[in-house]
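First chain written, first letter: the chains are A, B, C, D and E, and each begins at residue 1.
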Amino acid sequence: GGGGDTATQTSQSAAPASSAPATKGDGTLTLGTLLPQTGSLAFLGPPEFAGVDLALKEINEAGGVLGKPVAKFDTDSGDTTTNIASQSVDKLLAQKADAIIGAASSSVSESVIDKITGAGVVHFSPANTSDKFTTIEDKGLYFRTAPPDKLQGRVLGDLVVADGNDTVGIVAMQDSYGTGLADQVQKTVTEGGAEVVERIDYDPKAADFSADVAKLKAANPKGIVLIGFEETLKIVNELAKQGMPASKHQYYMVDGNMSNTNYEDLPKGTLDGVKGTYPGAASPEEFRDNLMGINKDLADFTYAPESYDAANLIALAAEAAKSDAGVDIAAKLAEVSKGGEKCKSFKECVDLQKAGTDIDYEGVSGPVEFNEAGDPAVATIGIYQYGDDNTYPVKALEYRTGNIAG
Amino acid sequence: MDWITIISTTLKAAVGVETVLYGIAAIGINIHFGYTGLLNFGQAAFMGVAGYGLAVTVTVLGLPFWLGIIVGLVAAVLLAILLGIPTLHLRADYLAIVTIAAAEIVRLVFRSVQFKSVFGGSDGQRGFTDGFYALNPFPEGDYGFNLGPVPLFFNHRTMWVLVVGWLLIALCCFVVYLLMKSPWGRVLKAIREDEDAVRSLGKNVFSYKMQSLILGGVIGSLGGFIYGLSYGSVQPDVFGTETTFYMYTMVILGGAARVLGPVIGSMLFWVLLVLLYGVLSEAVGAGYITFMDTNQVGAMRWIMVGLGLILLLVYRPQGIFGDKREIAIDAR
Amino acid sequence: MNAVPESRQAVSDRSAHLEGAADAVLRCDELIAGYLPGVNILNGSDLYVKEGELIGIIGPNGAGKSTLLKAMFGLVTIRSGTVVLKGEDITNMKAHSLVSRGVGYVPQNNNVFPSLTIEENLEMGAFQVPGKFKERFEFVAELFPALKERRKQRAGSLSGGERQMVAMARALMTEPSVLLLDEPSAGLSPMLQDLVFIQAQQINKAGVTVIMVEQNARRCLQICHRGYVLDQGRNAYTGTGRQLADDPKVIELYLGTLARA
Amino acid sequence: MNGAKIAVTTESGQPVEEVTTNAQGTWDVQVEEPGRYKATLDVSTLPQDAQIRGGSNVRTLSVYEGNCSAALFALQPKAAPGQPQEGDSGGQSTFWTQAAQLTFEGFNLGLIIALAALGLSLIYGTTGLTNFAHGELVTLGAILAYAFNVGVGLHLIPAAVLAVLAAGALGYGQDRLFWGQLRRRGTGTIAMMIISIGVALFLRYVFLIFFGGQTESYAQYNGQPGVEVGPISAAPKNFIAMGIELAVLIIVGIALLRTRTGKAARAVADNPALAASSGINVDRVIRIIWTLGGAIAALAGIMLGLSQNLKFTMGQDILLLIFAGVTLGGLGTAFGALVGSLVVGLFIQVSTLWVPPELKSVGALVVLIIVLLVRPQGILGRRERIG
Amino acid sequence: MHAETTGTDRKAAAVAVFKDLAREPGVPKPDPILVIDDVVRRFGGLTAVDVRHVEIQRGSITALIGPNGAGKTTFFNQLTGFDTADSGSWTFNDRAMNGVPAHKVARKGMVRTFQLTKALSRLTVLENMRLGAQRQKGENFWRALIPGVWRSQEDEITARAEELLARFKLDTKRDDFAGSLSGGQRKLLEMARALMVQPELVMLDEPMAGVNPALTQSLLGHVKDLREQGMTVLFVEHDMDMVRDISDWVIVMAQGSVIAEGPPSTIMSDDRVIDAYLGAHHDAPLSDSDLEAQLHEAEAALEAEIEEETQK
């Protein structure tokens, strides 16, 4: 990866003392990424970087933004156990980034949002799901394409109930993604008349998950909702070990743990019949092929679509604003995301824009329409089902689109 | 290669917020470990209870900022007492494991779903800094100067944090300097060497250890405040064992039982971290290094940091300021 | 560190001293050694010991007696000078390989393994000759019956004197041909002190070369063939044990008159 | 359930529609507006012997624009009057089943920790080095086995054997080329401790580069289904792994107590200079210990990987537990490490009977603190003499 | 001999006091500073200390002797609060002291040294000494912050420390780390540091083992001076010359209990003491004839051994 990152830094004359955040821009749209290369979410880094890289490749092939190729600087967000994200942001700001894509972890984003938005730069996360960001003070500069857990939780909860699971167990990773989604599922499921007999929030760093599963087993739910990231593999193993295979209990998964190629190594039929919800209207297959073109080693695709959409949206907003300054981009982001002629790729959209048409970018991760808080307002959730080979087919069982707020 | 950015970020890191907050907390560790020989591996917990004390007081209870600071300090003192009473009678290695365990307990409780309404779960708390920034004497804008072509600027918020932080560091160092030259400090150092001997000379070892634990813990808590105030938020995982390990590294890098050791160690650590990353990521970005991709730069940085640490200590086991003679004395 | 007593009469001249060294089992020449960089503790001491000799080294505290033994035994780095054992240069050779060449050593401090039992301590003494353990164990158990009773007790819980016995016994496990003893009688009851000195003599009679550092100087000089007085890292006096014990200068500076009173 | 009547009303009570369930027991109502609706099941239309679980026959749902919303009325056989409701009984036996399972899991985890702790304890015991890189040695073993297993394509068993051998060799090399050199230079144990943090960082991120950030599993024994043994259900691999772990622990423990090299190792731990004076080749003993420690750590890693899959931080994640186990048992004793680790493992797992699993380490750590307060020298440690 | 020449009332007084005392274990003294009753300490099956009744006379120098492992050090540990006795009680200056923690014992004026020395390795010799001084103003946290408060006291302490160091021949080592001292020097430091406390009762555990005899002799003079200043000294020692020279009274322990008490001259000829402790060659330094005899003995034994070997 990393093609086309050569930034033109010659224009970087000394910054004038006590200058207000740049509002004009320097003519080049500079993107910074603040994504996990290390730390506990390091496995999310490759797909996210690949998503951004893919978008950038397409944008620059289509002529760039404002007539110039888009520059990009990659940095490491680490995780919250080290404070390197802050240093990374310093670097990106020093390099005059106009928008920063990241971070994966809500906690990390929270720790740097003041710094980023304080500098008048767009803070655009492909993965934050914490509901704090809806109300956070962000000067209107914070956006996210993250999978909206309210809608997904609702769809998933509904699915669980509709499948006739009167007793449900929820096993959720203990962070804002896991607990947010789990709360929504629990609410929907309970409303729907089923009983959540066990809700387990686990520490993703725990040495093992046998106690968590033993607890679940004691409650013996009919349906089991697994919410988390790739450590779900361990839980699936543990479920099999403790005699709760997918053939006896109906498992449900979510976007965070569905797109992991490691399941293919499980014995045939381990995940047969498991259902899951995944945001995005399109079949992910073609997109995945494109991503593999960027990074052939990808084994997990979580948040790649969201990252891709983030980069595209920023670029389109910059085009619409005719400026690469963060504040200007932020002002246009909502506009390009909704209300206009629908278009799906940067090239298509930018051509429409050049023709003076109002556009509505429809992303890989969903329709992406921003509300005032910078959160996506509409989303499409696909429902998939695993087959005997532990993979799910290209085609979803069904798609549900809805307003996230309800 | 964007050398200007690399140099600028590196130089800023040398005095930046992270250097300050780790440096302060490391001064506390130096009191514990360097002077008294207490293996406190739970310094992060002192930072944590302080940060959370402040955050919870302001956001959950809605009390003013300075009250939050008081609550944080009291929390740190209480933690010290709570940790100290049972463990200070034990051998040093047991104190280590108990403090690690206590720190983990504190962290896990902060991040737990059970107490989410108080501590905010894994995302922590935010929105408690207004009181602090209301005191900011710097009008909005950037402050700094150009070092040749290298711009060195901080915005007004950072400036305020840095001024307060470095003043605190200066104060702490001064206090440590005074104390460690005094008979009080002598007792601490003696306890580090052999408790029984000190006891036989009529000093209340437990009381001194407790004083040391509290003092170091309170200084550590200042680091926690700086963290919360500069980042505008507190998160549980920041206060993990890793943080404490890094602070130990800083203390040893600078030279244990030296007044300025932890501060210099912290500077060195962050400079190393930022410089290596700047050079590596720029080299990869500019295509000078082709055997790595973006995803590996972060890892490569830590590999180099690991190597750097190893080399520094191999060639200067006593740290920057340490006394070679002291190392040569067999502590066994 | 430099003020050497002026009256180095007995060894005023190195060559005179070393005349006898021709057929020495172990000899040190001009040893310079120390612990900290730049600080020498031994400032060129010479020593030799002939086959079957019993040598005593005495001197004030901090003179470098223990350092000299450690240097010979490879536990302190020698900065210049040589140590020769039976014609072989053993300067800075590792301690364990000296043990296999038949040198035994009883350190002054920290001379037991605290977490090992007495029996295991002795077993470690016979590390290179495990086959002989039983036989030698019987031998030392007879010398120090207290040890046999306590064979399962950890050395860390022993009294000061009991440790000293273990230390001595440990060194006797290998049947060394050269034995270096650093204050073997310190901390022992008068009865056991007697035993140690007698034993040293006996061992020596059986053909073992013994070098003994002692603060129980009078006793030491009484039994040794030749003695060295070490001061500030140099040999201040040498002579036969009797000569030294009667030398008024030596008495005044190093022996004191207490026992004579 | 066929033929049950369900009435759907808006929240305020205006009727929307009434439906009867079809043969599959499902029903469907189309509503015009998004909002909150009530669905009420007419209990009288249910079969005689069935009742609604939970009792309430009303479901209040939110229906959103363009979406459907499901409501479920779960039925259960009506209990004969006077008989206790099903679900209350059997609570006791589930508790004990769960307790049995958790105890088993406690041993399972405890043995793995013990194995890792043994390696740490050996190295700490002989060299005084608090090795913060030990977690990475554990990871190293797991990853080496992965490389032989998935990379080279060997079956896991020969791959594991190779990995343990290789890790032993690397342990030897580490001491030979690195730690041993440091010792020779007279580097103090504190400096070495910090150096080990450096080594840990170095290794961990080398793993990240070569292994990647995601979780992987071995090619064999992956997702092995469990078998029921009494109240316990476990995969066969668990039993075998536990057997191997226990055997290794006991053999090494006895070897340390009984063999000459084992005793020499303890002697070196006590006093290296005196050990050398006794004719022990200190460097050689330490090298043997490093070799052994590396190999045992690797075995622990493989076992951990077998039961919990592999990740580049797997060793780091259990390091705290390893330290806890070592300290709890009393520093420097092999059986102490075993007992201490078992206690840690057991408490982590069994405590979840009462505390939420996310806080399971808290339970174990609290116990650790309490034990140390009662027995400051650790479970098997002994007091020293003073003066 | 030093003390004899300056010999004054104290020595005379002590001699007078002890002259008429019965020579039996547990004999009451006219003015005891320390009174010990039924102190027992067991380690597993081993009874290390089992002392019925002992009194230590104020202002005297009392020696505690006994074979290795008799329980002398353990006894010290009990009295000074470093170990908890299984049972027993003792009073110091008529105040009950059992269960009092070690540092309080020291503050009350009862200070001990350690047989296996405890040098504070990474403090200089001078700092080691200074630490011994009591009631230092600068040892309080808040006062430590204001150097003016403690500076002058520190100077006094330093002066006193340097005086003692000179006497103990450690003045050249003043600024070296205590960890770099030789074995004998550590012993000296251990004792000098205890004297910095200026205790009423100083308990020395084998203070002179490993100390050069010439120096020992001059230090004994110092100890006698201490007695002149009113200090009470209780010491453990295996060097009979020293015991004979300075002690006013000797207590003998064996297998944990006190088996005999008496003035040095008579105790050395007590049969039990000779059997249990002194052995055959106790009374005088070996004369040459003794030595010869010994040698012959040894030779004979050796020959017998060799013969045995050869016969096998």
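FYI, contacts are C-beta pairs under 8 Å (C-beta built on N, C-alpha and C of every residue); 3 or more make two chains touch, one makes a residue touch a chain.
Bear in mind the structure is a predicted one, so any value in this text is a computation, not a measurement.
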item: Neighbouring chains shared between subunit D and subunit E, ordered by label; value: B, C
item: Topological distance between subunit C and subunit E, in contact steps; value: 1
item: Most centrally placed chain, judged by C-alpha centres; value: B
item: Selected interface, A-B versus B-E, where C-beta contact pairs are more numerous; value: A-B
item: Geometric centre distance via CA averages, subunit C-subunit B, whole Å; value: 51
item: Separation of mean Cα positions, subunit D and subunit A [Å, integer]; value: 29
item: Distance from subunit C to subunit A - Cα centre to Cα centre, in angstrom; value: 75
item: Multi-partner residues of subunit C (each touching 2 or more other chains); value: 35-36, 157-158
item: Touching two or more other chains - residues of subunit D; value: 205, 208, 271, 356, 358, 361, 386-387
item: Subunit B residues counted as touching two or more neighbouring chains; value: 108, 112-113, 196, 296, 299, 301-302, 325, 328, 331
item: Touching residues on subunit D, where the partner in the complex is subunit A; value: 34, 53-54, 59-62, 64-74, 94-95, 97-98, 101-102, 105, 108-109, 113, 205, 208, 212-217, 219, 222-228, 233-235, 238, 304, 307-309, 311-313, 317-318, 321, 348-349, 352, 356-358, 360-361
item: Sites on subunit C touched by subunit D in the complex; value: 73-75, 94-97, 99-100, 105, 107, 110-116, 120, 123-125, 127-128, 130, 154, 156-158, 170, 174
item: Residue numbers on subunit D that touch subunit B, as the complex places them; value: 128, 132, 182, 185-191, 193-195, 197-206, 208-209, 271, 320, 323-324, 327-328, 331, 356, 358-359, 361-362, 365-366, 368-369, 372-373, 376-378, 386-387
item: Sites on subunit A touched by subunit D in the complex; value: 36, 38, 40-46, 154-155, 158-159, 161-162, 164-167, 174, 191-195, 200-203, 205-212, 214-215, 217-218, 230-231, 233-234, 236-237, 240-243, 245, 260, 262, 265-267, 270, 297, 299-300, 400-403, 406
item: Subunit B-facing residues of subunit C, complex; value: 35-37
